[in-house]
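Both of the next two complexes hold subunit A, though its partner changes from subunit B to subunit C.
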Partner chain A sequence: MSEAVPYGIVVAFPVALAGFTVVAAVFDSVVGAGWSWRAAGGPLREAARLLVQQRRRTLLPDTLLLRAGVCGLLVAAVLAGVVLPLGERPVADPPVGVVWFNAMEVCVWGAIWLTGWGTNSCYPLVGGYRFVAQGLAYELPHMFALITVGLGAGSLRVGEVVAAQSGLWFVVWMPVAFAVYLVSAAAMAFWGPMDRPVGSDIAGGVRGELSGPDRLVFQVGRYALLVVAAAAAVPFFLGGGAGPVLPAWAWTAIKTAAVLAGLIWAAHRLPAVRMDRFTQVSWLVLIPASLLQLLVVAVVVL
Partner chain B sequence: MGLSDWLTRQAARRPRPLVVTAPYGTRTRLRVERELARRGWPIADGPAGASLLVVCGIPGDALDKAIRTVWMDMSAPRALVELPHGTDPAQALDQAVVRLADAPAQRRDAAAHLARSRPSAPMPAGREHDGHDGHDEHGEHGGSPGGVPMAGRGPDRDGLALDRLHVPLGPILADWPSGLVVEATLQGDVIQRASIRLTPGFWNGPGPESGGGREGSANAADGHRDSADTAGEHEGDARGGGEAPFWDEPWLLASRGHRVTRGEAERRRAAAHLDSLGRLLAVAGWPAAAATARALRDRALAGASREDLMPEFGWFARRVGRSRLLRWMLRDLGVIGDEPPDTGGVGGGAGAPGTGGGAWLSGGGGVGDGGGRPGVGGGAGAGSSVASGVGVGVGVGGGAGSPGAGGGAGLSGRGGVGGGRFSGDVAARLDRWLVATGVALGALDDPSILQDDRGPRGPVGAQPSRALLAVLPGVLEGVELGAARLIVASLDPDTEQLGALRHV
Partner chain C sequence: MTAAFWGLAVVSAASAVAVFVVDSMARATFALLTSLLAVGVAFLLIDLHYLGVLIILMMVMEMLIMAVFMIMFMMNPAGLTPMRMVHNTRIAGLVAGGVFVLLAAGALLTPWPRRRGRPPADPTHALGLSIMGPKMLVMMVIGVAILATMISTVVLATARGRYDPPPDRRTGEGER
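Up next, the complex of A and B:
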């Protein structure tokens, strides 16, 4: 595990992440248009539009914080992704890979809040508030789900988590943790039913004053985060690259695509969840449930 | 420049429109929405994400000012599409695409825009800045950074001292009643105080809008009605003008002696409810269901048959009605009680919360007409309230409920609404719309002559939207912003209805 990382992985990772990000945006557009493949070109035209669009100025923005927030989203997504194996191995496989993943995605909190705050406008600020409330609701169950994975594998190294599932995938004997992970993955990427921080009811929320390249980077960062959140479910719960016939990288891609498609489909299938309602359930149901799951796994491991 | 020109042309083929509806622009808005759905252009959630600003109808001065402000702030490439009544949206949108694709012109626009925004003179923010982004009033210097006064502080509901931001919600906001402005005092994302006003061109209530414009718009409203009177043709698309309350049109025509079949009226009712459902579902963050509601609405208005609409509506109603997640989110929001109406009401007892049309709001004859002139369809209004048996009549006989009389605005606000079909929480109102739409779609083929005036929102003559607006500030106070949006969408006051009133 300590030998030098092959250059192939270093090149393949950004290519794979970018590819999946585009695919996610295209699929989202297609499903959003009622399964109309006519809408497949939408995201690319939108990207073209944002590339040539002027930057919008608000009164007295905190430009430094705003830029840090907008770029921070993409940076956090990329950094969270480096510990995820593309096939046999990831770009980086630190002994605390699971914690690293968690830490990077917590940086998203900062990125969103800075974007909402730095704009100096009401609706983005409200979007920022919403994301902080969302974080309080999802983060604890999310961390318990990740700890369950680490406990089951007896290691926080992502490579060893995958290896521990050679007999039985974690999703089979940690179904609650997997379900909690999926919910929190959507919340983390403020996606689908959890998209109120960028909700249309507050005129776009956090991204409500972003236009041009700012909005493009923000949108790319959001899709990348969604991809990374979906991709992480593969080594954590779905046996990583394990599977018959096809090579590990192909299975990783297939499983990632399946989780991603599920998240995108759910986003269009379900109404939005407001945190003033959800937090109660999160704390009274999801946290106890994930603790019970942790207990069960602990007993089994012992 | 070759690459950016090419990108501009590519982008122009899929613009992002922001749609603003002016007074009596509903008919145009519906045509625009249908056209946008047909083209698959996704609607922008705010001015920053938009490249097209589509104005439906003819905005009055204040709305026009708000539109200009939004337009000034919009980033190039951009195009403004103004659709006075009766313009063909498809053609106008095509022309907008051509303008968007004109890279040199857009570059000139961008340069001019940049030059305008460069000077340090601050834009008037907050109140002047109608609508899209009441800038919050923070700044690192004391006093008034950037010309904007600092936010005041006050205790919030938990007793913490928090900034109070004065933010106008509307009039330019997606899925929002046209012309409505809620002046909200926000602490965090909770509305501490709310008051409402309407942009001129609609009814001007006892709000900050003052008398000058009121006369003008009152006369304009009268003029519209006269023109509608003479226009015997009431099939929507055939008549260009369309400056009458669109959703109430069949009932208004019937009350004036025109021959309207019940089937036609029910078609309009079903479309009105589907439009409201589309808004509520969009605000609830369920764009897919909202799109279905709107597609059904468009097909209903285009004359689709009952057999054609019923299966898909049934599927839609089941999906929405059975969504436990939606129910969970909408439950206990914006509860309007069943308390009895204010004293002075005639026929007082509060009605049972009707499902699908048992209980009706009713204001009786002279509602809101201090001058003593009977309101539109006043007689029919009183009659129907008797007929439906649940009349929460206020000021029957005229005069008692003048619009000038406080926030009550003619109807005894809470009592009037509470006794009617808007009681209960947001989920209850959603259910009632679903049921009422189903009933209305079932009666599409009814050839009998329309004789009552029970429009989509209640007796047309009584202008139930007036009562809805009157209860609005009360139910919005102490509510989180997202919940407030849902409450507004669940009441969906038809601001055009108010303009139909003869003014004091």
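Up next, the complex of A and C:
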């Protein structure tokens, strides 16, 4: 952090994040419509509609907390993204970047709970509580997957994690941690099979009562969080910008797009994890698996 | 640096006051969280990166769990009607004032040592060594033991929890 950050990175980061967010929303719409490319314009039309839509108010909302929650989701996603390298280096490379990334993901819990609470409506509140429970259930395997990465690299600085993969990508010799990361990252981004906090069984859950610009900001934040969760897999497991011929930023973009496409495709292919079983999946399968992976990595590093 | 510290100090103290002024449990919880996050960022200012980020991470989790429990146990779960965040004000005021005077006196009267040498390269590491010292191994073993206890407690609790496994998946157990 001592050396000055090039201005190019500071400009490129929001552009890249916004671009990937739009692409994620468009691709999600296309896959959701059964690979119909005519649905590609859907998200942009929806964004334009929400911009001019009048807000629907619930009875006695806690507007301050609601706004804090809706905006907090996007802010947390952006702050989580600043430690991820776009090619050679990130916007900020603190010595504990991996932990910072996780801390910002956890801030999302607060944002979602506040959104659910603030509307003063039943289903959003149920969705908010669902997300807190889901976050608690999946935080431990998520953390263990990230600790495995830090242990393998011998550092929590994202730059050094990437450097440690110059010989062999972490996904090759810690595949279980990678799988656990993908599952738990989807849970932390309430995405795919773990999207019950905004599930249709509770009328849209947390975002059920959001309308107009509030809903737009929430949706943008949700896709941005998904993009950041997918992009983080690249420096943590997929060797960062390493690759032949193309420059580092291009490889970072290609790998991010691949992980993102996989997550979006899986969301439309896999059945939802029932809320009464999701803790079982996490604590009885993911935690033992990630602990064993941690042990293997620890033995190899020793 | 100094400006950042005072800014964080003001945010921290102001939101701590807000905890007792606001009339909703959710607002009180998140005011407290704001106060604690400011403390976490203040740790980042003195290069205790790991501790600072960990404070942010843990406090968000803790405050959310606290919010869940507080709202679960409060007399007005919906939070629709405003409620006071203070009760038993006289004794609470006496205790709080006494503790404040004690801490402030301690902070002002302690002969703080002057800085000798330079800050270490990794302050978190140095802090851990100076707190734990030769008992590091014991502390690490206890840490793992606590984690194992937590996991096994939850596993035991969920096996017969509110959501039993459906009958078709329950093997080796008789009729309930």
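One rule holds for everything that comes next: the second predicted complex is superposed on the first by the 300 of 302 C-alpha atoms of A that agree within 3 Å, B and C clash if a C-alpha of one lies under 4 Å from a C-alpha of the other, contacts with A are read in each partner's own complex, and residues count from 1 in each chain.
The working rule: a contact is a pair of C-beta atoms (placed from the backbone, for glycine too) under 8 Å apart; a residue touches a chain by one contact, two chains touch by 3 or more.
Please read these numbers as outputs of a predicted model, since none were measured by experiment.
Applying the stated contact rule after C-alpha superposition, one finds that A:Asp276 touches each of subunit B and subunit C.
Of the two partner chains, subunit B is the only one that A:Arg57 touches; subunit C does not reach it.
In the superposition on chain A, A:Tyr129 contacts both subunit B and subunit C. Counting the residues of subunit A that each partner touches, subunit B and subunit C differ, and the larger count belongs to B. In the superposition on chain A, A:Gly262 makes contact with neither subunit B nor subunit C. When the two structures are aligned on the shared chain, A:Pro213 is found in touch with neither subunit B nor subunit C.
Using the contact criterion defined above for the overlaid structures, shared-chain residue A:Gly32 touches subunit B, although it does not reach subunit C.
In the superposition on chain A, contact is made by A:Glu46 with subunit B only, not with subunit C. After overlaying the two complexes on the shared chain, residue contacts for A:Asn120 are found with subunit B and with subunit C alike. Across the superposed pair, subunit B and subunit C both touch subunit A at residues 60, 120, 129, 276-277. Listing the residues of subunit A that touch subunit B in their complex gives 32-34, 36, 38-39, 41-42, 44-46, 48-49, 51-60, 120-123, 125-126, 129-130, 193, 195-196, 199-204, 207-212, 215, 268-274, 276-277. Interface residues of subunit B facing subunit A in the complex, by the touch rule stated above, are 4, 7-8, 10-11, 13-16, 40, 42, 45-49, 51, 73, 75-77, 110, 113-114, 117, 122-123, 125, 132-136, 138-139, 145-146, 148, 165, 167, 173-175, 186, 188-189, 281-289, 291, 323, 325-326, 328-329, 480-483, 485-486. Against subunit A, the residues of subunit C that register as touching in their complex are 24, 26-27, 30, 33, 49-50, 53-54, 56-57, 60-61, 63-65, 67-68, 79-80, 151, 154-155, 158, 163. By the touch rule above, subunit A contacts subunit C in their complex via residues 60, 62, 64-65, 68, 94-96, 99-100, 102-103, 106-107, 109-110, 113-114, 117-118, 120, 129, 132, 135-136, 139-140, 156, 276-277, 279-280, 283-284, 287.
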